[in-house]
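Each structure below is given as structure tokens.
Next come two complexes, and both contain subunit A; in the first it sits with subunit B, in the second with subunit C.
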Partner chain A sequence: MVFFYGLSKPTMNHRRSWPGESKFLGFVYLLPALVIYLVFILYPIFETFRLSFYDWKGFGSKPTLIYLQNYQEILQKGQFLSALSHNLVFIAFYSLLPILIGLILASLLGRRALPGMAFFRTGLFLPQILSMVVVGVVWRWIFNPAFGPLNMMLKSIGLTWLALPWLGDSTWALPSVGLIGSWVQYGFCMVLFLSGMQRIQPELYEAAELDGANEIQQFFFITLPGLRPELGVALITTVIAALRVFDLVYVTTRGGPGDATLVTSFLVYRSAFQQNRVGYAAAVATILTAIILVVSFLITRYQSKSEV
Partner chain B sequence: MSGAARSMQLLPNYLLLTIFLLIVLLPILGITLSAFKTDAEIVAGPFSLPSEWSLDAFKRAWTVGHFNQYFRSSTIVSTAVVIASTFLSILSGYAFGVMRFPLQRLVYFVMLIGFMVPFEAVVIPLYHIMNRFGLTDSYWALILPQIGQSISFGTLWMTSTFLSMPQELIDASALDGCNRWQSLWRVLFPISKPAVFTLVVLFFMWTWNEFLLALVMVQQESLRTLPVGLAFFQGRYTSDIPLMAAGSLIVAGPIILIYILFQRFFIKGLMGGAVKG
Partner chain C sequence: MKTLIRVLSVVLVLIFTLSACTSKTVTTGDVTLVVWDQFYREAETQVIDTLNAEFEAAHPGVKIERVVKQLDDLKTTLKLALSEPNGPDVAQVNQGRSDMGAIVEAGLLLPLDDYAEQFKWDARFSASVNKRNSFSEDGKIFGRGNLYGVSATAEVVGVYYNETMFETNGWQIPTTYDEFVGLLDTIKAAGETPIAFGSLDGWNAIHEFSAIQHIFVTGQYLDDFVYAVNNVSFDTPENQAAAAVLSNWATAGYFTDGYSGIGYDDITKLFKAGQGAMTITGSWLAPELLADTDFEFGFFLLPQATADQAQLAIGGVGIPYSIRKNTLHPDLAAEYLDWMVSPRAAQLWAEASYVPAMPLPEDFTLEERSLFADTVLAWNRINQDNGVGHYIDWATPTFYDTIVAQLQKLLAGEIGPDAFTSQVQEDYGAFLADQ
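Our next item is the complex of A and B:
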């Protein structure tokens, strides 16, 4: 739930007040939503930021102001950086791979409308609506070393040596969880780009062909620029999903084996609610939020350039 | 070109789409079949058919696994969040999209922050605040923050919906003697129904699938929602595949059903402003 295309929306200045109406009437309509939002979202965000400068063990203990020590620890000890590097690996699986698949398919199939596309769209989109807990349970079954379909299949075709304990192996756990993310996201990217292709005028391709442009040139000079708005949405949605991933890791590996699949949001949860290091957790959450905001901002800027 | 020749030409395209569609659908098909099998039949392979379509795993999940309680919690929380968030989003979207008031743009920007910020940034202090007021281990701890985050998106969505409506329509309702409240519900709301319904569908999906908040706020088992219930359940019954499969289907079933009925709204909502810039 992360595309915020509204930021660059037109101003509200073309609206008029009605005669005899208080200029504060708008606040009356806004108030109930604003109060709930301020109390349960905005105030806690500020509190997270404030707590990040404290050492606090949680209940019954007093917070001690330690200024930047939590941030110092984050930068000096490897745990946070290793968690963040796992998020970066997830970006490759959540974002790059699905976008690549989506682009290739869109440029192969997208130039003409395919009858029956609605049927494929419904199916390809399905993982987007599923609870990530359900997705995790399904894939834990598939990856199960003893009776999972993947290893059963590998053994039946003679690849017994490849039948690894995927989620329990410190080398393979991270890419295995990442592939689950690719499974969730690629249909979304395909649907997005295929519908974007319908907007690109066929005359552009015809003209390019007349000028002697080959398929690859057409891709880089027509398809890619034409899909810029869709690319923006795909990037922002999938990159943020990769940065925020929590449910899937909780269900499939709990960050393990060792810390092989520890990601930033799981580090927040573990520090705050299992190890009672509330201040440290708040500092990690603050940095994660900052990263997400910066990334969203950059992608939105890239995207809005095409919507002048 | 004849119809048959055209179809032949499109065949590779359909083949390619079918392969990618199968990669999505086969895991879901496999887990669905597993829910109806016995332990012995599981070993026969993921796509073997059960000899008899047994509902035993569903019954066990529902009663022994307490999915009846989780289902009740999820239904209560989702219903409350969807109704409250939709109503409040319509009101605040109306304020931003149709009226003028001081500090309008600043407040609008502040409300958008909540939509960009992940729950991870909220949940730590929220837990301690809720605890101080004795609200952890209650539905309130799941409902109120979820409303807070939903209306952030809802305000954005409804504002742009109302902004797209012509000023003449709003003025005409004033000339007809409507006040602001009547103008909203009698004139603007009826023509905004598709946008409102998209919002309803998205709110429901997000709330039904929400995990972190429910994991942190609620310890008492009877208050757990379906995703949290399923996550704990899997910790205990990892090797009982039919049971896990049935549990997954109970969690995913209602969403899939609504998705199949109203998929147009899901896709429109999730693809957001991309398609119509």
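Our next item is the complex of A and C:
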């Protein structure tokens, strides 16, 4: 092979085809992946979009075209906006808080070699690799007012008044579910920032230290700017996670108490599978997808702008 | 070109292998009956497996292919499965408008009236029971028209009590509603939790409310309400009174501490561990209360205002077996249904401490003063009194979500009884207007 390429060096850019080789051979190699992408991703997205203009039970009789009625109903009912506002609250818990914790942990763990470092790193990353259903079940137990460890601990140190029925309390249910999200996401942010910090040249820190910058100044003027690409990645993935959260709500509160933890994806599930309103669910899903696309686009654009 | 052909052929082979995975292998000669059910609990599964094995033994050449799912899973997958040309022959189809009603409307279920006559199911089930599994042919009218399912088990919602705790404290089983309310106070004063209850999962809050509601309303009202006839409303003084009682119980501290943050299964665990003197739920819990516990438990119906009044309680029959309309073996499927509601099935369910929907075999003796006897007697009582009430969440396709959300708000004190009934009526009224 090397021998061959060596010989044909001048024609590297316009390599002659093998005798009998098709120009499109390269595309054929892409075909399997493309087919899977088309069948399992693009087609369902398109179908969801198309169905959002129909009234359909999801099975049996044919869908009826009702144009924008589903969208009209979504905007008229307060439920969608209230669900979306819960998603926005979740951005604070799924995105901002984990990034903050991740930054703090990364700067603590990243700059010096602690004994048992690998252990800490693995342990702190663990929540990220657990299945969300497992996480939900475990936290339902932790939050349980009757025998959960959280309230037992609160009661044992005399904070009985604070031992609330967390997941069932109209005010505290949303932040409680949100905190579970923070617990899941911070490990991912931490690992991302740790790997990013390895790219930052140690000389920068040495120079800053010689100039008399303390650790906090070093963090703000070296670490933080150096982590900009990682911050962008962390922001996009966690914000998307906050906008499309479903499993955690399904396992812990099912949108309750009242509609206190109802989020957009849960509204999609409820409409489609419990109320047989697939068209309406598709419309909600389409709006959610559009919001996610716009938000991701804005974050990427902001990020690439600030890199220039 | 050769390479292209080679690559294409690989792709084709892959596609064929993939499609081969999904296509079904056809068995020759013998008949396979595919049955979807949701009897996933161990005791239930044993009953079904025994019945299936006996059915196969009585029908040489017939094989039952059983698919077990949890109810949620069954509900979400069954509708599409029944639309398939080779979907399940027999399946448990949940009652109510959003499940059986929608599936009948789509023309996917076989009317069973001819088979009911052939197998004399009327002798086994009352008219009130059959109504619950009936719909008009277009799926729009609930409680009338064709029969689309038969149920093997019966359910009645009442009060489980910790017999051991009752005996130690000298508490008596109440016979009137006032006695019951008095008992709640007595238990609370003794430092115990009167009612083990948790509303986190939502669905059992409906039972908690509706059990009380059944004391205040008439059977006729409940029939009208669930079957959407005679234009009744949810926003009535009776329903408001029931909501007020529920909300009072919550503020009086009759429920488990922190009840809004505790789920149904955890409440069952707490009740079994002796935390709570009573719990209000359905007869399906009896088998679970008999295993691994240091306590004796009993069951009574939430009493009416006076002891001689006809008893009304939430009740009904379990999720019925239905037949897919386009099955290739309708007669065999009907025979299978008949077997699932046979005296033999009744006996097996009873031995497992589940109340069967059909009469118990005559030679079956109830163990006196056992928990199972309590639930069977309660079921017999409401049948005698023509007082088999309803699961009110069958009323409209959105009723479940609406009433759960409103009940959680009522319990939290966010809304009062009046706002509760008017909010729920909004859902029900919109549904009636649509009909």
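What we mean here is this: the second predicted complex is superposed on the first by the 242 of 308 C-alpha atoms of A that agree within 3 Å, B and C clash if a C-alpha of one lies under 4 Å from a C-alpha of the other, contacts with A are read in each partner's own complex, and residues count from 1 in each chain.
The rule is simple: contacts are C-beta pairs under 8 Å (C-beta built on N, C-alpha and C of every residue); 3 or more make two chains touch, one makes a residue touch a chain.
All values reported here derive from a predicted model rather than from experimental measurement.
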Subunit B versus subunit C as contact partner of A:Phe273, first or second or both or neither: both
First (subunit B), second (subunit C), both or neither touched by A:Gln218: neither
Which superposed partner A:Asn70 touches (first subunit B, second subunit C, both, neither): neither
Subunit B versus subunit C as contact partner of A:Gln185, first or second or both or neither: neither
Contacts of A:Leu167 with subunit B and subunit C, given as first, second, both or neither: second
Contacts of A:Gly256 with subunit B and subunit C, given as first, second, both or neither: second
Larger contact residue set on subunit A - subunit B or subunit C: B
Partner chain(s) touched by A:Leu25 [first = subunit B, second = subunit C, both, neither]: both
Which superposed partner A:Arg140 touches (first subunit B, second subunit C, both, neither): both
Residues of subunit A that lie at the interface with subunit B and also at the interface with subunit C: 21, 24-25, 29, 32, 58-59, 140, 146-147, 273
Touching residues on subunit A, where the partner in the complex is subunit B: 1-7, 9-18, 21, 23-27, 29-30, 32-34, 36-37, 39-45, 47-48, 51, 58-59, 101, 105, 108-109, 114, 116, 120-134, 136-142, 146-147, 149, 152, 183, 186-188, 190-192, 195-196, 229-230, 232-233, 240, 244, 246-247, 250-251, 265, 268-269, 272-273, 278, 281-282, 285-286, 288-289, 292-293, 296, 307
Of subunit B, residues touching subunit A in the complex: 10, 13-14, 16-18, 20-21, 23-25, 27-28, 30-31, 34, 42-43, 45-46, 88-89, 91-92, 94-102, 104-105, 107-118, 120-129, 131, 144-145, 147-149, 151-156, 159-160, 163, 167, 170-171, 174, 180, 202, 205-206, 208-209, 211-212, 215-216, 226-228, 230-231, 234, 238-239, 241, 244-245, 247-248, 251-252, 255-256, 259-260, 263, 266-267, 270-275, 277
In the complex, subunit C residues that touch subunit A: 1-4, 7-8, 11, 14, 75-76, 79-80, 82-83, 98, 102-103, 105-108, 198-202, 256-263, 266, 270, 275, 397-398, 400-401, 404-406, 408-409, 411-412, 414
Subunit A residues touching subunit C - in the complex, by the definition given at the top: 20-22, 24-25, 28-29, 31-32, 57-61, 140, 143-147, 151, 163-170, 253-259, 270, 273-276
